[in-house]
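When the chains are written out, they are named A, B, C and D in that same order, and each has its own residue count from 1.
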């Protein structure tokens, strides 16, 4: 028998993707949790029946027996709803940045506002399964990672841990994302005519997501340069990561490091030396695809890391986390 | 010495295009007329100096000696501003639908609201130079045609006038436009992720622009079916027009009809029988490009009519009208 | 235990889609049948294993026990391979136009070349399940319909059969398709820079697919005008179909006609009167979505018919046909 | 009276842009020089007259009195044609990589083939006017820079010359280009369906254009990491350039360095500290737009450099070079 998974923010792009993934999940069934009817829904055929709708309230969670609540909402809404959902007995997987940064101070520094739930912040588990699977297993509250940091940490952390990258030189991460990463709320910046035929850099050196990379890849700010860019496509992230390696490194050895780390991971795929994925490689999948180009003579290396921002970068990883929290097979509903 | 042309609504796509055209016009210089600062402007380099800015007021028009005012504004703003601008001595070229439909009743029927300037409505001249050049010459107030009707009337009117089209069968106009036709104000319908990879029909059989085609091509509503569609491109309109011809017609004769009509027109270009333009043919020009495919055996004909909605469909035609009103060469600033 | 389905032309867009659908089919497993290695394949991760590869030969079909062979190939290749595949005991589902037109004369008229397998042509069954389900059930050789005719026939045939459309006036079908409909072989016409920011009409009044509409919707050529257009998107077809109805018709009655016809069809969805689908409605599904706008006063009607050209317009419908031929549930692998 | 400028390769994207620029040049008139009719031309209206066509031969140059020949051709064709054109008395501006790299050895290293005109190579002048204006003035043969190096050198050279960048850390240039940079010849890599919705890295660390940056910005290979990417847009290049600055640097001082260098340049525009251009900023202009973001605390800096690859990155810069070579005002035909 399937259990209920509530989705708050189901009209947004991550929320839509979540509902779609949950509809084909073998053990869960989605319910739409109405919080604020703030944007339009697409026209549907006659007799179309979407998932059931309930209120985004503790009462509804109790009454319906909702097992897990996904918050595909802005940080302020997540801070408002997480506690009542937990107290009503649901597990909570939050897709916003509200619970990712460990401390209220750190949150304030990067999000420029007070954290209203510092106690919950302590309890929250950072939901990058490839790094923190054990902790996620028993968590009540999972902070689903940001899209950029998912692709960045999976590519960078092995370089740091294995001492491959010269941190004196530092690491550069040049990140490009499709427009759905900016959400579904209309704005001039995401209007068709402003985005098509165009390409732009934003949040140069000061993107909020940087904090998640520093924390999870053990980097100092001075060792890491990050620029986000807006691609004229719907979905997908490609990050081009530059580093300099210690002497004696080779392309083969680099790939081996990733292979060793991720060889058994269902959702990380590594490419042969010199071959790299593009955004199509991971589109509409929960994969993070990683390829390496290395120049042994000079020690310069480039890693290409690709995800679909709405799947491995949001809804897919949230389902992966749900599977861990509820004790399902990690790949349920994701293949 | 150049004279001043004021642009109200200079932040919108038609307004931006107008300013750009006026900047390279040999006899005019644009001034930006601030009415409501309702949307963002693009970042500019250091020391960048755009055109001067003045208020969208009769006083400013008087003081600065503004010769002509372009209203690239919604109909309600145009109805509000046209009279004071005229009274301050400027010619007015309105790019909205406010003054195109001849009578207040007709306006109310298609725009679903009262016309607040019925007197001005009588005076306004419909600014399609290829049809009404003489009248435009002496006009104070020009109603610049809608984008869809510009492409439609130039293609359809000769078919009706020459008795080519069987009006019992009627004429079908299937129209497709780039997104800039919907304006620059952010909305879900023009958000990048909703438009890209997509294509949709809207205002099926009841688009406001239909009225302009009926009036200027002498058609009854029952004789004309029109559907608008949203193309995932920035700019450009292509209309596919279907008709059935009287016996004895040929592709060559059809092209001859257009050639006779438009052979001396600087901004209408006709193609050889069987050859048709695409949106690129007219992009960023003030041309209307017309091609014909005809099946003599069955009498079925198709006309392809293409314009750039921001140029011949808006700002370019407005400049063409200004040239007529001010007695300049009609092609000044448009080649 | 799964059975083998061979795909010839697996590098093309329809072929890729077929392989992908077959990989998630509960009863079949794809094998790639190598005929001509004529275009590139995408890079893949380490240890990636795609489906097995065999030759596109009768021997291989025999040896491996291939149950059904999909020919996602040009007509000449389909004419060459269909017979040997059938003789080797496989069912054949052909995605080209080779076997759709009933007679060699008709083929020659529309494809401008001789048919080399007139005997097989007689045997072939036109694979539009919503119209010919019974015949497909027992067929050895299925001619999978063209993409444009699939959307057109499903929308038009009920209008003709029920006597709704005034055939004196005729029916206009203005069709727009994404670029994948033109195949994967590189050409200037499908180059990115020629297609992006552009939109063009082609095969005006003389597209090969017209023959399939005439045959299956019982129309004379003089009653049907069809123009194809190239949309700057990857996939999807939207057709805007214009007709004039006999007196007394209403939007509700029209929708009822479709509902009666398709109410139990798993892959046709009808919209409420006045509501219409867009290309996103059917993208990446095997649905044909149909919506109606009707003006009772003048009798003018418009039907919007939408499919994904690679799914319901090609690979998905081919799998639907395979399900019928092999006696599976019609929706297997398609939901 | 205008003089004649011949364009070889006029069907390609750079060639088309050249012809278009020359058509509005006050002192020059284009002639199309037919070398190999290797790709299609767009349909044109009746009576359309493009520029005159002559052969790409010394005889034709002599006979017609062609003043300057633009070679918008692959390197091998440029090596074949440069000498005969020069000997026929024309100045030559070559848009290929044939004459950019100074020595035959260097050419062979990066282009993997022998240089067939080593003597001419010595004479050729690298046509980046902002760096080598004096030399270009008197040149017979100008090697028009590559598109990537134009944006890169204009942004990087000041950082190196003024000793701003820590070259121990090195400079990273992450470059993104529209598809027209790959030329007009059809290929799977530039097919619409492969490029749209996608984004990919290519020539990681080993792009031919790297040589032009090393030579002109005085960098060692070990100090410079470059990756090219393919954007799903028609035209435009944006480069994100990362460096670490010596102590005491500030955003204001950085902008001042660029301002001092380029303040009087007509085609380089610098932005206020923290503000950066996007691809639209320079689209369809001959500008290189440069903006800087700097973090004084850590010394990390990012420069955004933007050009239109077909204008400042190819045809526009070629006209700028022609203006210098023929002694015209440098901005003639470019504003």
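Note that in this section contacts are C-beta pairs under 8 Å (C-beta built on N, C-alpha and C of every residue); 3 or more make two chains touch, one makes a residue touch a chain.
Please read these numbers as outputs of a predicted model, since none were measured by experiment.
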Farthest chain relative to chain A (centres taken as mean CA coordinates): B
Contact-richer chain pair (by C-beta pairs counted) among B-D and A-D: A-D
Rounded Å distance, chain B centre to chain D centre (Cα mean): 37
Distance between the centres, which are taken as Cα means, of chain D and chain C, whole angstrom: 46
Whole-Å gap separating chain A and chain D, where each centre is the average of the chain's CA atoms: 39
Shared interface positions of chain B, touching two or more other chains: 196-197, 232-234, 276, 280
In the complex, chain B residues that touch chain A: 13, 39-40, 179-180, 184, 186-188, 190-197, 232-234
Chain A contact footprint on chain D (complex, rising order): 168-170, 172, 174, 176, 196-201, 204-206, 221-222, 225, 227, 229, 231-236, 238, 240, 242, 244, 276, 278-280, 283, 293, 295, 298-300, 302, 304
Touch list for chain C against partner chain A, complex: 42-43, 45-46, 48, 197, 255, 259, 269-272, 275-277, 280-281, 289
